[in-house]
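The following pair of complexes shares a single chain, chain A, combined with chain B in the former and chain C in the latter.
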Partner chain A sequence: MAYTKVAKKYSGKINEVTLGTGDKAITIGGRNVLPFHHFDGEIGHPPKVGIEITDIVPDDWNNALKNLYGDVMGDAAKWAKYVEDNYAPDFICLHFVGASPDGANKSVEECVEVAKQVAAAITTPLVVAGCKNDEKDGELFAAVAEALQGKNILILAAKEENYKTVGAAGALAYQQKVAAESSVDINLAKQLNILMNQLGVKAEDMVMHLGVAAAGYGFEYLSSTMDRVVLAALGQNDTTLQMPIITPVSFETWGVKEAVATEADEPEWGSAEERGIHMEVATAAACLVSGADAVIVRHPKSLQTVKSLIEGLLE
Partner chain B sequence: MALTGLDIFKLTPRKNCKECGFPTCMAFAMKVASGAVEIEKCPHISDEAKAKLSEATAPPMRTIKVGTGDYEKALGGETVLFRHEKTFVNRNLFAVQFADQMTDDEVSGKIANLKKVDYERIGEQMHVEAVAVKYTGNKERYLDVIKQLKDLNKVFILVCDDAAVAAEAVALVKETKPVLVGANAGNLDEMVKLAKDNGVVLGLSADTVEDLYALAEKAQGLDYKELVLNTTGENIAKTFEKTIEVRRTALEGKDRTFGYPSIVFVNDLAKDNAYLQTALAATFILKYGSIIVLDDIEYANALPLFALRQNIFTDPQKPMRVEPKVYEFANPDAESPVLLTVDFALTYFVVSGEIERAKVPAYLAVPDAGGLSVLTSWAAGKLGASVIRDMIKNSGLEEKLTRKRLVLPGKVAVLKGEVEEELPGWEIIVGPEEAMQIPKFLRELN
Partner chain C sequence: MQKFMIIGERIHCISPVIRKALEERDPEPILKRAKEQIAAGAAYLDVNIGPAEKDGEEIMQWVVQLIQSECDNIPLALDTANKKAIEAGIKVYNRSKGKPIINSADAGDRIDNINLAAANDAMCIALCAKEGIPRDNDERMMYCQQMLERAMEAGMDPEDLLFDPLFLVIKGMQEKQVEVLEAIKMMSEMGLKTTGGLSNVSNGAPKHLRPVLDAYTLAMAMMCGLTSAIANPCDPKLQEAVKTCDIILGNTLYADSYLEL
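This part shows the complex of A and B:
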């Protein structure tokens, strides 16, 4: 008996979403097959990888990264430019950790100023992430969306608690792209997408942030949520779940014990930087094969590795 | 293909003798069809009928046992392509590869690493389960390396397509039920004979998915079904395609020719790039690698890979739980606060992560709350004042602490009064509702 391939054809397709402007603009999505299943149909745009930088000098980053970047960390615009020139990521994620009322509590005006400087310094597409305080993020995103009108940035992200502010200002008033963030649950994701849609945000201006977990820290929930979302989007042609998925891997992987424990804490474990990179690339790879169309990493070596993986899988 | 009750009824003697415990053969057949009863309950069933039935009800993918005794591992036996559809059953094995051209230093270095990376994570002992030994032309050295590895008690994966050398290698370790990855279109007959004679699991290799299929069909034709399929291809994309096609042909296509575990040599694909090797290993943990071969193991790659495997092979119906006990952070002393959470692994990870981030000395008391989240366990009556009292009383914390402060999760603030009654002498504090507020809360707590 000859081999009969089990062909997988899906009626649905992941939306195409473009970030940034000009030569360096990127598009994600556009596939009608499971991730990297080039043998089944249209693979669309290869997944994209971005690098995370922060608005203030982060106090909890691995020392190796601090040494790597040195002084440019003190100025987000210089930092962004440095990353663009030296590592050429697909996009840069400016993470406003300094906005947190539990931390540096930078004012919205200060943050907007930083955002403007960063956007002026680079031509790479920009993603702005908040400080996890829904109220502050709402104000921050609205102001940044306005200040960077025309840059076609991605706002990461609108949540159930602030989607009206973020969606209305970000996508409707200032035509930016907005990620809808839910916490690792297909129904919550669907519900927020529908709410955003009812607000008037078009599906093609949205991506999904389905939550993030590091390998070993409940990653199975994230992986299975992605599986279910992707299968619903493709298999059932569920238009409320066809937005591309972005996963800020670095927000979690550098905070887990495997990456944080010092060499003094765990002498057998070896370099914390090495552990951090391995944790980051393992988690990013697992996200990509589960359905992420874009991932955010922190270490330049992770960027390089994940790019190689994507190229290898699509060769 | 599952048989219906009627199909099974036709295999029974149809005498309604009741010896199986059921009033009629038909009733018995219906029970068998639903999987509630074994066909063996019928004393009159013929061997032929039994074979037919077991063939029909066999899972689409065989479970292959490798190794022996305490080191025996099961591979394959999967029934779904996505874990949420049911669960993944047998976690993949990791192997570290040795070869005949390696120097003594290289061999002993890898052996040392295999011994060093052996640790516990949430009730599971983490270590590499297998060693692959690759033959590249030096037979004496090859056999010598195999001998050096025998004491490790790992599952042997002999990578050798020279049947004569393979025979000598198998002779050294055949009692350990090794895997011999060496059969191809050119040597299948010899290799199947060798495998059959020695009870060895045989690994099949071919360039394309079609060739691999033809090879598996041939091996089955030689009546050998202790097989593993080497799905490694010429590059990453081909390997991914092959590995996926093999698994889904077996599970969705119900074609048992591909119903065997896979082996993926990510070490060959990564070409000495350790980070890429980790990324590839993660890829094939999720996407159907049954044995994943690595160049080497160190804590840096072991920690994420074992952790990821532990997650992915968790049964979705039985959430992962952490051991109920008191966990310590940043060397707490007699004055440090005691935080309380539940034994649902996800909750524990989030809470413990935030306490670590706070860098404030603290205890975290985790009672047996049924492996549920804070609100669910409270609603289910598994996280109440008495549970908390028993946990604290049995923990030894009362004797240890001079200042007794217990921080309840904000979501169960309602328990404060009851817990105060149950734990006289303790100051009961309501903590934040969300874990991310813990660092600030702890820093301001005094």
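This part shows the complex of A and C:
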């Protein structure tokens, strides 16, 4: 009997969200099928990959990255420009680790100054990530959103604890895009979207950060959460879950044993740099097939590898 | 599973306000009820213009165009015994948000409405009755089968049929209630879509009890697989029942604010 191709149709569609301005602006989302299932319907915009940089010289980064970047790491604007010129990621994630009250505790004013310099140095879309302190992040995001008005940045992210400040300032007052973060909690993911929406943030100005885990470290919880969200968004046409998903893979993968252990400690494991790249490439690839529309990586080789994976799958 | 679908029942010529509005072609009362029901979450609106023997075609075309043009082409169920009026309504119907539903065919005199639906690529409510109330579920399921066969012969997709087991009034026909629920279960097990005029169950009961009877009946019917109902979406108790059952059945994902959606 002849083979009859049956396309899987869904009633819902992932929203399209644009980041940045001008020629390098990117749009994510827009598909009405599962990730990479181009044989079923509209694949929308190919997933995007960004590179992470930090506001201060990070003390816990792999030496290989420190050697790769050298002095530019001391100046976030130069670093961003270097990344843009040499690796051309789809976007750059400026991670304000220096804002942490438990660390360098840079003031909001100092951080805003860095954000302005970075934004002025590049034309690549900018994602701004916080320091994991909800209160500080709330203030920081509000101030950065105001200072970078018109740049159409993505704020990563509003949480249950600070969504009112971040949503009101980020999206409502200064028209930036805002990610809603819900650490691998599917019901909270939906609830936070509803709350942001009730606050007045439009669905098309939002993306979801469903949490992040490194492959092998509870990743199956993240993956099943993403699956369930995507199936509700597409199959049940749940408009409260149709925001594209961004996953900052590098925030987790470079902190796990496989990436951290030195070559002296684990000689049979091989190069620490390669292990770090493998961890983030494996995790990023898994996130993309689970439904992430954008991922953040740290190593330029990971960027290159994940980009070529996406291109290969969509050929 | 798909979310439960409410077909809003409030544009019905049995209401004096609506009857007058239809006679006088007065848009206001009709649009008010249409918008209220849509805001309350109705996916379809039933438009009952009564027997409309005289000017049914004209009334149906007027009301279909009125509601769809003012309410973002909300899909409609065309509800009248006048076949010509249904055909006329379909001619001006906008399909961008969903096919028209013909309300309704039965296994008796109105079985031809299935062919009417097939010929017009419409959906059709198939009332599992012939003359009066079916005696038992053997009879109900025989009618169900007859109409299903008629539809398949006419080339219709079974997905386009909504089988109505015929909800019966609780006050007076209490002993029939479980049977109706069992019929819904059998139809669901056949993979068929189902619907019904839910408020039948609370007919004649005191006003304050009607939402209670409707909501609990609906919850039990949803457990048996009911996929839609012709009901009043503006009834908060009913909305609570639908949304909560949709959560329990996994048709929608839970969030603390689920009742507010």
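The definition used in the following text is that the second predicted complex is superposed on the first by the 313 of 315 C-alpha atoms of A that agree within 3 Å, B and C clash if a C-alpha of one lies under 4 Å from a C-alpha of the other, contacts with A are read in each partner's own complex, and residues count from 1 in each chain.
Going forward, a residue touches a chain if its C-beta (ideal position, glycine included) is under 8 Å from a C-beta of that chain, and two chains touch if they have at least 3 such contacts.
Model, not experiment: these values are computed from the prediction.
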TODO: Give one word, clash or fit, describing how chain B and chain C relate on chain A after superposing.
DONE: fit
TODO: Report for A:137: first if it touches chain B alone, second if chain C alone, otherwise both or neither.
DONE: neither
TODO: Applying the touch criterion given at the start, work out whether A:269 contacts chain B, chain C, both or neither, answering first, second, both or neither.
DONE: first
Open item on the list: With both complexes superposed on chain A, which partner does A:255 reach: first (chain B), second (chain C), both or neither?
Closed with: first
Open item on the list: Once chain A of both complexes is superposed, is A:301 in touch with chain B (first), chain C (second), both, or neither?
Closed with: first
Open item on the list: For A:194, using the defined touch cut-off, is the partner it touches chain B, chain C, both, or neither? Pick first, second, both or neither.
Closed with: second
Task: chain B, chain C and vertex chain A (Cα centres) - angle in steps of 10° - done: 80
TODO: Determine, under the contact definition given at the top, whether A:232 touches first (chain B), second (chain C), both, or neither.
DONE: second
Task: In the superposition, chain B vs chain C on chain A residues touched - done: B
Open item on the list: Quick one: is A:278 in contact with chain B, with chain C, with both, or with neither? Answer first, second, both or neither.
Closed with: first
TODO: For A:309, select first, second, both or neither according to whether it touches chain B, chain C, the two together, or no partner.
DONE: first
Open item on the list: Rounded to whole Å, what minimum CA distance do you find between chain B and chain C in the overlaid structures?
Closed with: 11
TODO: Could you give the residue numbers on chain A that contact chain B in one complex and chain C in the other?
DONE: 228
Task: Interfacial residue positions of chain A with respect to chain B in the complex - done: 1-6, 8, 36-39, 60, 102, 132, 214-221, 223-224, 227-228, 231, 255-258, 260, 266, 268-271, 274-275, 277-279, 281-286, 288-290, 301-302, 304-306, 308-309, 312-315
Open item on the list: Please output the residues of chain A touching chain C within their complex, sorted ascending.
Closed with: 186-188, 190-191, 194-195, 198, 228-229, 232, 236-238, 240-241
TODO: Show which residues of chain B lie in contact with chain A when the two form their complex.
DONE: 82-84, 116, 121, 209-210, 213-214, 217, 235-237, 240-241, 244-245, 248-249, 252-253, 255, 257, 269, 273-276, 278-283, 285-287, 298-301, 303-308, 310-312, 314, 316, 320, 345-346, 349-350, 353, 356-357, 436-437, 439-440
Task: In the complex, chain C residues that touch chain A - done: 2-3, 251-257, 260-261
